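Below, chain A partners chain B and then partners chain C, in two separate complexes.
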Partner chain A sequence: MDAFFVILTGSLVAVTCGILGIFLMLRRMVMIGDAISHSVLPGIVIAFLISGSRDGLAMLIAAVITGLLTTFIIQFIHEKGKLQADASIGVTFTWLFAIGIILISVFADYVDLDQECVLYGEIAYVPIDLWILPSGIIMGPRSVYMLGTVLLIVVITILFFFKEFYMVTFDQDFAVSTGLSVTLWHYILMALISLTTVASFESVGAILVVAFLVAPPASAYLLSDDFKTIIILTVFIGIIVAISGYFLAVYINSSISGSMTVMAGIIFAIAWLLAFRRRNFQKSLKIIKF
Partner chain B sequence: MRKILIIAIVIVSCSCREIYQRPKVAGDRIKIVATTSILGDALKNIVGDKAEIFILMGAGTDPHMYKPAYADVRKLIECDAIFYHGLHLEGKMEDMLVKLQRIKKVVRLSDALSESDLFYMDDKKRLPDPHIWHDVNLWQLCMLYAAKAMAEIDEKNTSYYTLQSEKYLLELRQTDNLIRDIIKDIPPKKRIVVTAHNAFGYLGRAYGLEMKSLKGISTVSEFGLYNLSHMIDYIIENEIMAIFPENSVPEKLMFALAEGCEKNGWKVCIAPALYSDALGDAGGKAGTYIDMVLFNIEIIAEYLKKTAHDHTCGSTRS
Partner chain C sequence: MIIHVDQPVVEVHDLTVTYERRPVLWDIDFTLPGGILAGIIGPNGAGKTTLIKAAMDLVVPGSGFVRLFGKSLKEVRSKVSYVPQRRTVDWDFPASVYDVILMGTYPSLGLFRYPRKAEKELALDALRKVELEDFKNRQISQLSGGQQQRVFLARALTQNADLFFMDEPFAGVDAATEKTIIKVLQELTSHGKTVVVVHHDLQSVAKYFDWTIMIHSRLIASGPTSQVFTPELVEKTYGGKLDLLTEVAHLLQTEKLPPRED
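Let's look at the complex of A and B:
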């Protein structure tokens, strides 16, 4: 049973991050996950200084707020400052992370405080990190509920406003001409991303989230040119990564998130080889045609 | 959609009712998980051969850096009881253990101590220092508590655990006396211990040593240049002969400090690394809890007693 819960949690993260990752990749912003994993530090320190505790919920709320702030600053610099996406990500998260370090060394040097030990979860603990009702009924792993809710929010928003997201991603000029607020939709996407990444950090840890944001969408992107096919492939690849990663971890008795990330890399390599063949095949078709 | 959701929740909540209790087999030994090597070794003395102990963070593992492997989590699920330190030593893992307490036997050792026993890291007394074991007296209280918990977990062997714990507590008392004897030989003026991070607060309080550290409790946060230059001034002012690295913090910090002192005309010795958060390798000089505290105190005594006549430390100005 615990195998099922770990794979389920991995798959929930893979699907949510994968779907958002596609949009990020097309906007050249995939490393935003890594950026948020660092930039939540000042939020955590401020929450600790206010509340005086390292309680999980306070840390989670602080991280969500700082995550939103991070993505909004990135979007703002990118849009108003006309700066490249990667540069605005880099400027924003290093700045916020450095503020966090300074806050710690000035106000909270005496306490063990960093995102690794107060915020990031560990996917291996999912089967024993339970939600227990006051009456003593065990409702199952807490992460499954939290990540399930986030997945529902993301999928419903994207399905409902698929046309809008599609247009602002692929054809901004056309979107503007139809009266759509490109800025608004970019900020909505950014809000979804910070919510997803922070909730996932809290449940499964940072590296897995960063990997799932990039590797499955990148593999799917190599295998298809059709947007809807890319989405379906991303979901499919994400789940395969979660399953195979889990069994690799069991087989070599090692870190589960590490193994899943390794599998994501291996599957990307396979996709790359397949894509290489596909491109060559198409090239040879063209040669025959002309 | 809603139907699927409800069915999913029902399946999830039903399926996990039973898996957190291991079916009892007659003649089976009790299985216990301890979070750190220090705790695991101490517990071994109490449970003897009546229980199996599995240690999550083995020798040399810094609790801040611990990542569970697959088998670790299986052990947590299948064991009969979990023993851990508390006071945030285990970090975020503690949230999970507190919740697990409602469906499993989970023992937090810091519950054995009252508020006045604790050493606080901040002025407002909100954040207790988790490194209790450096005060052997407090560790005795913890072991007494652990023995009581074992007696509850495994009722048929209660008398065995009581006997074992009495033997071990006696050993701990002797260790405590031994440490006090060793400290007595150090001239009172020289009882200042400079370390990298602030893990020895209890040691200092219990045995009358003044502890000075470059950085706070976290092994992650950076130390400021301000701290470094202040520490150099402090060392020279108080004519401190030796500084003490730890096995869980990179030694280069201490080298930077020693170098800074030497530039100002004062040579300090760098002692062998003290054991702060984890035991040394089994069978080595700090392989058990008692060996570890004695090793630490012997190193501290040897290096604090150094004088300028040893020609390894002191003023380099002629």
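Let's look at the complex of A and C:
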């Protein structure tokens, strides 16, 4: 049962991150995802200090606020400060992340957050961190509920507004010319990324979240030219990563989230080899399309 | 020479646009009648792209305004279509020719609604007009430059607009594509629609455009091509680039421009 919950949590992280990662990748904003995954930390700590728990709503709201703030600061430094985008990303998120680390160590006595856990996550604790109702009924692992909710929010948003995300991602100028606000959709995407990161960080940690954001979509992108197929492949690869990563970790008795990330890298390498073969030797070979 | 018209479809009034305090467009003021194919010409960096971006609210003018059908863009957005430069998008994007063309129907659908039969028919019709039927399911990265440009044109056609702004639709396309595009544009104007095109090839100006707008940060001329596309005004627009100019002047004389009726 524990194995099931660990794999389920890993899959939820991989699928949620993967779906959003597709849009990040196609908009060439993967590093903004990386930035947000780190910079939500001070928000989380402050939310914890205020609400006194790691549960639900306060945490998610804090994440969205800090995530959007990060995006805004990056944009501001880039546009008004005339600094290159990558430099402004680097300056912003390391600074915010460091503030988070300082807050954790200063308020170590009050905050039930561990630096190791924040950085690397500990998915193995998921099955014992249960959501127990006041009446004593055990509902199951807390993370599963949190991640499940966020996945639902992400899927519903993307499904409802697929057209808009698609236009804004493919052709910004055209999208604006039809009256869409690129800024609005950009911030909605960033808010979703923030939610996902904060829901994922306990299990996979701030450093590895970005692997889940990028590796499955990047693998899927290499294997298909069709947007819907890429989404389906990303979900599928995400689940494979979670399952194979778990068993790798059990087999070599090592960190689960680390193993999952290693598997994500291996699957990416396989996808790259397949794409390389296809591009160079078998041009007529059909690419995957569902 | 600037020729104004009554009841213009496009009215650009005292438009000035600056990028980082560097003026790109200075005091541009002209009007365009409906039902014409108009070309915007000028040297590189003259602000041609900026001009149509300003018309589409994609850049914020320092002063002045653009009115379309006598109204602001916001009020008539559904009647106006914009075709960006081909190279502004990533052609490795996972989309087929049909996917991109169908995108032109999205604005009229609004939130929560997805293309149905009518929209799909519209997209297929546009696909036929630009002669890409055989490429419907082709991945867009596997298209030639000319085919990509035709995809963009087809997307604009599905918007069912009355006014089109196109940025360099003839840039880097093959002869067949150029023919197809000009045929489609002329068909549009024959139905009373107005098409404004940023253009760089001086040799085809007289052949293609009813109306010519010449800019070099400032407006040099705007009027029926037969009246404004003269060696003197072309020289004024491209001032300084002499090799090109003599060539153009030579061409203009040897080719004996056919008179345009307007």
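As a working rule, the second predicted complex is superposed on the first by the 208 of 290 C-alpha atoms of A that agree within 3 Å, B and C clash if a C-alpha of one lies under 4 Å from a C-alpha of the other, contacts with A are read in each partner's own complex, and residues count from 1 in each chain.
By definition in this document, contacts are C-beta pairs under 8 Å (C-beta built on N, C-alpha and C of every residue); 3 or more make two chains touch, one makes a residue touch a chain.
None of the values given here were measured: they were computed from a predicted structure.
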Partner chain in contact with A:121 - chain B first, chain C second, else both or neither: first
Which of chain B and chain C A:255 touches, first, second, both or neither: first
Touched partner set for A:101, first chain B, second chain C, both or neither: first
First, second, both or neither for A:110, with chain B first and chain C second: first
Partner chain(s) touched by A:226 [first = chain B, second = chain C, both, neither]: second
List of chain A residues in touch with chain B within their complex: 1-2, 5, 52-54, 56, 101, 104-105, 108-114, 116-122, 124-125, 127-130, 132, 136-141, 144, 148, 249-250, 253-256, 258
Chain C contact footprint on chain A (complex, rising order): 26, 160-161, 163-164, 166-167, 169-171, 173-174, 176-179, 221, 224-227, 229-230
Chain C to chain A touching residues, read off their complex: 53, 56-58, 74, 77, 80-82, 84, 88-90, 93-96, 99-100, 103, 106-107, 109, 111-112, 114, 139, 141, 155, 159
In the complex with chain A, residue positions of chain B that touch it: 8-9, 12-13, 15-17, 19-20, 64, 67-74, 76-77, 88, 91-93, 95-96, 99-100, 102-103, 121-122, 124, 126-127, 198, 215-224
